[in-house]
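Below is the structure I would like to discuss, written out as structure tokens.
Think of it as A, B, C and D in the order they're written, each chain with its own count starting at 1.
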């Protein structure tokens, strides 16, 4: 039995820990693990290699993905998918573990039509894979954002300025909400909820009246033009407003214990399910339990907005 | 309406964030929050004060507990409990939020017999409160231990030594298991499971045969005498063995985002339940949901061993 | 005897540790310390207060400045300087410790003409105060930048991308050079040295030939338009190029041990010199020794480019 | 021309960065670099290999030493030294860079008698190499200790306890002094200075009188039995006293920017001096300048106690 593993889409901290878990669980069970380089592109290019226990030595703590990743356009076309499947079959590999976001899940589903047994593991900092409560990398990215916010608060407080901090998350506000709630932000702006810049400023002006002149506003990248927003805040409050885009630091860094454990559990589960003959599943953490959902069903699910965290953040930011 | 809050027993990172959430949720709802100093001892000594929004400014990120904590012997006796209840009633405070471990929960239950409406929030790094999947402080302590293990691994690897690392947790192996799994430890020793030092050493000798001469063993404080264990490993493997006790660094440090969010949600929920007239509940995170259990029932629950994490750690440590 | 202390200009990590040292050295010597809020603006507005040992409790580890800072336009005019001096004299304070960059030093020198005995301590992350080898905050900012670069490298390496990272430093390349040398950057662009984008790209193309497809380029803010530079690199190398501006995270954060010790030594020295009747000095670390230079002379010095670090960085980045 | 490099004695963070600098500076200059495994033991065992630019990829940020280290008893005997020299000469390697503490310097000096051109670079967390102001690893160890102290302070403060924290340093108090000064310790005990436990406790009792019930005492490992000391403090103050030994975490961890730059500069200088035909030198940072001293002279120097830092720490700890 052979199992291949690839990482796909934007990298996230903990992908390495997941690859390590897949490889070590394979070896523990006498299965040959294969690493595919650069995600689906590596399948199309026949860029894969047999791994052993040394291949994954000393990677559990490292950010990024040592088997590399890419966004592969060809996988959106039938010809690409066919070529990818043929590479696997030509190498007599019938099982594939895909670590990535929902774009990567679609590629996995396509491959399953060619007889590949796939397992999908959620790896993205955006936490926007609907079937699972947590994706690998999200907890690390939230902590990175919170640490950055903490540093920005130091200077914001010293100068009595308003700092608007842009965090990643594509169309999903989860990262912003968690970072804002944990960072004690005075306001959080997300794409899923309408907001009133006037209401936000009114609260800040109230704070100003009682002597509080600095604030942190966490702003999700999907929420619109941050500079326009900042300019409007400046106009309405007459406070000095700074903008910081946290950028790519949110993608890297050594994964937190939470992400490493998530990675270990999911990688281990994927291999064990393949051994049992299961296929085409999405590995999820749902309600504190690790479960395997039908991949097609998983892909059809819609994301649920993190209502309660958002509301608590709003109430505590008085 | 008035609500008092105290922290009790060993301090844990995130207690401050929980106090902040209780106080701010009170203020948001027009309730007067009171802080009790030094846990139950402060109730016995009438050491409490009215808090406001400034009382909890700039504490969300701080380890420890700014309202202080203690282990209070008097609360194990009826006279002490009575005195504590009288202090609250004399101050016309009928509601109390207790943040601590299960010892602190017992004190809360005792107070409820005197008509105090109590809410218990789990705050301990040991994750040994049976009713909840996570306690506030655990995630931070695991990350602290993992970072320390990572540093120890550097020197262990440079010298080809075995390092045995003692972590806290009292009679509970959860901290050791999570730290060991996330830290990629070669073995984990916990009080809940029998272990064979011979089997551990056999695995290390196999590693030695293929050239691996350094290992990390995570050892829970409840698992027996670590020095005897280390000596035995040295005898059986002829490898140099070092012992490091992580000690009190595990209790402190800025809380992780996970612990801050746990603290925010639980503190907020405790206050909202008291507003609704509920009482004598334990706030829990169970299966990804925040729920309130009857306090007496919560206290009667038995801890469940972290079987799956333990097993996965064992398999991946080949 | 009374000594006032203020922080001025851009905040930097370790300013709090310096304020603490000034205050505690005063108290140790039976002198009354005064804190001026918001830098020179606080002198103009008579916004100052008597400090005691509690005023500086628990601030040694905090970024920013708890006595606040500002950039004060009025101090560039005689009327402003006069008003500032009058505030001090009206409060019977003849001694002032100023913590800031060279702009702040000029304000101090102006005040000295009105009979104020001033001591200037270098506090800025830019390390651009010519008279001293190190400014308070620089070491912390370098470490913050190196950590951020390390995170960006994770994702750069996973995707085989070039990352151009903008760091602060105004017209001075010191922060870029130190961060680039310590971060193992493949190239460093600074305002003090001409560079050839073609030469940088040639080196990257050589790396590409032998299989290295990711690179980090550290780019000082004073070196010109980073986006134009990045575009040019993309054109010349056909590699994907990302830009990240580290922004305000470089200003905050808990100061490193180096910056705290620098702050302790300089704050202590400033007070002791004032006690001895010295005045109008710039406190410097020069060649490993703490020395006091005449303030006017210090201001007339020209910055020396960090030639050796720059050259070593160039050679090691093969 | 060939240059070998080895790391010897206790490992320290930044050794890898120094090895990288040696290897890359060699390659830049067309010299063949060789790595010796396990310090001098590798010379005795002929355990060395030719390195290239990939050998040192991705190690600049890693603690420990990837070419391993050991304490080698045979090097204290003439036979061992001879064997080590013969290994080098048999491999036609006449130049050796040794990274370690003063014990390692003695080995280098012995080898020089056999015609090996040696360069010694100070690598130890203890900062006890007399000829240099800083050793590689010291700055990282100080920061690690300060972070640990900060965590311990959280719990110390929450419980109103005294924490006595043991730090490394062998017979040298430098690490304790720097960590204590930067960590804001209430007292520092070092082997070089007599201390009075009564005087320390008197100060704490004064603090107790004005309401301060927690303290941190940094205790150097060379200063005697820490448990006896802690017991005496408990007796004299009636405060609860905890002891934490920071242990091996002080040796590991990613090196700070300071240590990486020190390593880059010293590694680069060692190679350039060998190219120029110089030999048997100790690379030092003295008074802010990188200089090369005669190795024998360097070894004859006596350490200077960090008087000023010690005194400032004492004064600021009121």
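The rule is simple: contacts are C-beta pairs under 8 Å (C-beta built on N, C-alpha and C of every residue); 3 or more make two chains touch, one makes a residue touch a chain.
Bear in mind the structure is a predicted one, so any value in this text is a computation, not a measurement.
Q: Counting hops between chains that touch, how far apart are chain B and chain D?
A: The least step count works out to 1.
Q: Moving only between chains that touch, what is the shortest number of steps from chain A to chain D?
A: Minimal hop count between chain A and chain D: 2.
Q: Could you find the chain whose CA centre sits the greatest distance from that of chain A?
A: If we average the C-alpha coordinates per chain, D ends up farthest from chain A.
Q: Round to the nearest whole Å and give the separation of the Cα centres of chain A and chain B.
A: 28
Q: List the centre-to-centre spacing of chain A and chain C in whole Å, with centres computed as mean CA coordinates.
A: 35
Q: Would you mind pulling out the distance in Å between where the CA atoms of chain B average out and where those of chain C do?
A: Inter-chain centre distance comes to 40 Å.
Q: In chain B, which residues are in touch with two or more of the other chains?
A: 150
Q: Linking chains that touch, what shape results: line, ring, star, complete or other?
A: Basically the chains close up into a ring.
Q: Dump the list of chain pairs that touch, please.
A: Applying the touch rule to all chain pairs gives A-B, A-C, B-D, C-D.
Q: List the residues on chain A that touch chain C in their complex, please.
A: Residues 7, 10-11, 13, 15, 38, 62-66, 68-70, 144, 148, 150-160, 163, 242, 244-253.
Q: Please name which positions on chain B make contact with chain A in the complex.
A: 20-21, 24-25, 27-28, 53, 60-61, 133, 139, 142-143, 146, 150, 178-179, 181-184, 254, 256-258, 260-261, 264-265, 268, 286-290, 308-309, 312-313, 315-316, 318
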